[in-house]
Amino acid sequence: MTQSYSPVIGLEIHVELSTKSKMFCQCSAEYFGKEPNSNTCPVCLGLPGALPVPNRVALDWCIKIGKALNCTINVSTKFDRKHYSYPDLPKGYQISQYDEPVAINGSLKVGEKTFGITRVHMEEDTGKLLHVGEDSLVDFNRSGVPLVEIVTEPDFTNSDEVKEFLQELHTIIRYLEVSDADMEKGSMRMEPNISLRVVGDQKSDVRELPNYKVEVKNINSFNFVKKAIDYELTRQAEILDQSKTPEQETRGYDEKTMKTVSQRSKEEAHDYRYFPEPDIPPFVFEQKFIDSIALPELPTAKIDRYVKELKIKEIDARILTKDFELVKYFEKVVELSDLEPQKIANLVINSKLATNVSIEEFISQATKLLSTKKTDMPTLMLAIKKVIAENSDVVTNYKAGKLSSLMFLVGQVMREMKGQAEANLIKDKLVEAISNS
Amino acid sequence: MNLIGKSLLELKGMVEKKQISHAELWKFFSDRVEKYDKALNCFVTPPSKEGTGLAQNGAEGFPIAFKDNFNTKGIRTTASSKVLDTYIPPYNATVVEKLLGMQFAVFGKTNMDAWAHGSSTETSDYGPTNNPWDVSRAAGGSSGGSAAATAAYLVPAAIGSETAGSIRQPAAWCGLVGLKPTYGRVSRYGVIAMGSSWDCPGPITRTVEDAAYLLEIIQGEDPYDATTLPAGNSKYEIRKTKKMRIGVCKDYLENIDPDIQKRFDETVEILKKLGHEIIPVTLISPKYSISVYTILQRSEVSSNLNRYDGVRYGKDRTFFGEEAKRRIMLGTYSLSHGYYDAFYKKAEKVRQLIIQDFESAFQTVDLIIAPTTPLTAIKKGEFEKYPFFGEVMDVLNEPAAAAGIPAINVPMGLDSQNLPIGLQFMAGRLQEEKILSIAYQLEQETNFMGVREALLKRYE
Amino acid sequence: MKKTLTREEIDKLAKLSNLTLSEAEMTKIGSQFEETIKYVENLNDLDTSQVSNITNVTGQENKFFEDGTENKRLFTQEQATANSNCKKNGLFVVPKVFK
């Protein structure tokens, strides 16, 4: 008898902040592409005697992310040491947060469903471990870069939900301008915890979590998210079908084989021996300081405003608001011109006009394009007729070869049309009309 | 020119008056190191013999020795452990930078208990430092090398560090002034960490004025150390003869050597004669500080030593000595899941009690006087008998360390075995001026009962 | 509170601490452990129920540095790797680990 299963998925997401300095020292947080081990100092290299001092902006931005995810921001927060031994961890512990994180109890609505955010906290990144041939090598350029960790409740029940959630989260982070949140570059990393609950089992409470979970690492792009999760769900179902329990472990996603592969056993939960970081005094925030950390208008609110105030169709609003750079551009165009927002949206979404030109240039081109569509041909023909009739001597001059006469006539028609026709169109129709007269 | 026994300030004065050059001073002390250090083993890295030591910008400098847990750029730093036998720091500790900026130079790196784990400098991987008063005895620790070198006048003064007793105790056993500043007064940046919430760099000197002078240089808030205090810069007017209320707690007089008790009583009389008021105070028994210190320090040690994996510097963890392993293991245990609440958290709370206890005591007194150690210098090898020797020997030093308050050792003569006796004064946080001032008064009044001169007769 | 540590527990602690202990060290440290733990239990004599949240020993809060402050401590690749005797092309060579 095959049982049916309900997936239980929770996410752990790491966002690398785009601050200027690292989390605990003044080394640059921009480590990408630099010569190995050329971006370090005693602190991020973990030399004997070095001490950490926290980066103020990094903490502000962590609060910002927490607020954007509707969390409660803790008035008291502190750092803790998280101990484990690994070659890319220079101090043998990571400075992170344990029981007093920056933010807790948030949520994010994606589509119709709301997903719980357990916590948002601040920590430091490790160095980078590389495998070259037979060697394992470490580069500490990335060591100490500020990382914000976001942990969700196990509220996801399928891979589509996860993908949509991640995309929405990515967009929000871009709006906050605190990170590139690029999965391929590693500035946003995601690890799902996946298990299956047996459905219809009278004994088990539907609110109870399964007695195991599998963590999947190394999912390096949005495209692999769905594949990795779906593979894992199938794999676990097959084991459960045999009345066995999947092993609690960490697995890695292999892009080539499109499978998850066992890495190391998680059956023995790590004993991280957390204790408060003695080198960093704790933080106490005044509520008015927390309140002062401003958020930009976030996607959900923006879509709402576009629909209600700018009269844009919801589907178009959704498309526009996915890209923060585009949103900024679009809103500037709306602000500086009196073109109808929906029409501007149409131009952009249907790729009728490029957005890699200056705002002024865009407005000018858009104005032309849009006014062309508005020209009422009968009105135009009447106007042309009128102008020809009232300016017969100019018409004669044009027929005689005086081109400037034509331009004069175009100007007259434009006046008649009150700017509702475009010059080139007028010219063409005028020439036609004159040659037919 | 007979320089023997001159204080750091006296020698500095001579340099300023051009009576002697840095180079001549360097040679004078280097010759003494050559002559006496074989028997004492004060230095892990002796001062460079080629010419003078170099201060900042390559200029010549005034000799001062640093305990070997201070990162000194370009000069090997080992914390007296084979793990760091080959480590040459690419940076200076803040304390070192500050002194270099005042025309001092690094006159060698002194021996210590490996990783500062100990109270006798016997756990050093480079051999023990012998007490200049009796080379069959320990110099004290963990700043034993700094103390022995200063006492035998191989260097005019030295910088040490104290986690709980590591400045005061060797100062007591060697007959010197040893100052543990308020925690946070002096930057720990660049000091190889032992107990992060305990470590205090501080001076070991022959005179009280030398200690005050050095403290004024090395103190101050440091942007590289988030635990340093904004109020960290002070001027110490120690010649002010203020009358003070001095507390005595009988718990600090339990199980101490009769000679020390006797000297303690004599000193109390002297203080009364000088016009100070002696007031009995009640404090939490120091025996609880042993537990607080053992748990919290070893927990922090187990964490701070996690970075030594031999990859970026030094050798791998198989080079750790037995004492280090023992402390790491107990620290890991206290922090581990299931034991954290019973040990670490409980010890943290008791530490709060001790802090509050001193705060309330200092409402009624300005200072507290106590012996620095229950015994004078013990024979080498004795420490092996105890599973937590260091912590037990430093019972009288641990309370002040736990509370982060300043304390000073004052050498008060010799005992019946001709070994120095040390007494200490403790004061409230940031009240170094009080302890320096009382120490200065005793120095003026008693000349420390001739302790300093007595030793120099044997180290001419 | 349990005072005697089993051989298995000492093994586990050594692993967590990333240390290798010899047989002799295991035995010696094991018994010394017990003595130490027995002593530190005296902390239970003291009532700490009224002690509030632990703060930093100095009582300080909110210490930071400003993002973008000049980096005066930057190492060159040469300086960063100078103390290592196992490096390749500016990278540190480490014992082989499974990905």
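By letter and in written order, the chains are A, B and C; residue numbering begins at 1 in each of them.
Assume a contact is a pair of C-beta atoms (placed from the backbone, for glycine too) under 8 Å apart; a residue touches a chain by one contact, two chains touch by 3 or more.
Quick caveat, the model's predicted, so the values are computed rather than measured.
Chemist: Report the chain closest to the protein's overall CA mean, measuring from each chain's own CA mean.
Modeler: C
Chemist: Which chain's centre, taken as the mean of its Cα atoms, is farthest from the centre of subunit A?
Modeler: Measuring from the centre of subunit A, the most distant chain centre belongs to B.
Chemist: Using mean C-alpha positions as chain centres, tell me how far subunit A is from subunit B in Å, no decimals.
Modeler: Their C-alpha centroids are separated by 55 Å.
Chemist: Hey, how far is the Cα centre of subunit A from the one of subunit C, in Å?
Modeler: Roughly 38 Å, centre to centre.
Chemist: Hey, how far is the Cα centre of subunit B from the one of subunit C, in Å?
Modeler: That pair's centroid distance is 23 Å.
Chemist: Multi-chain contacts in subunit A: which residues touch at least two other chains?
Modeler: Within subunit A, the residues that touch at least two other chains are 42, 45, 53-54, 85, 87, 92, 138, 140, 271, 273, 278, 280-281.
Chemist: Could you check subunit C for residues that touch two or more other chains and list them?
Modeler: In subunit C, the residues touching two or more other chains are 16, 18, 54, 56-58, 60, 63, 65, 73, 75, 80-81, 92, 94.
Chemist: By residue number and range, which residues of subunit B touch two or more other chains?
Modeler: Subunit B, residues with two or more chain partners: 87, 90-91, 197, 223, 226-227, 302, 306, 309, 311-313, 332, 336.
Chemist: Using the touch definition from the top, list the residues of subunit A that touch subunit B in their complex.
Modeler: My answer: residues 42, 45-54, 81, 83, 85, 87, 90-93, 138, 140, 271, 273-275, 278-281.
Chemist: Provide the residue numbers of subunit A that touch subunit C in the complex, in ascending order.
Modeler: Residues 19-21, 25-28, 35-43, 45, 53-59, 76, 85-87, 92, 129-131, 134-140, 218, 252, 263-264, 271, 273, 276, 278, 280-284.
Chemist: With touch defined as at the start, can you tell me which subunit C residues reach subunit A in the complex?
Modeler: Within the complex, subunit C touches subunit A at residues 16, 18, 53-58, 60-77, 80-81, 88-99.
Chemist: Over in the complex, which subunit B residues touch subunit A? Could you list them?
Modeler: Contact set of subunit B toward subunit A: 69-71, 77, 79, 84, 87, 89-91, 93, 188-193, 196-197, 223-227, 299-300, 302-303, 305-309, 311-313, 332, 335-337, 340, 344.
Chemist: Within their complex, state which residues of subunit C touch subunit B.
Modeler: Spelled out, the residues of subunit C in touch with subunit B are 1, 10, 13-14, 16-21, 25, 28-29, 32-33, 35-36, 39-46, 48, 51-52, 54, 56-58, 60, 63, 65, 73, 75, 79-86, 92, 94.
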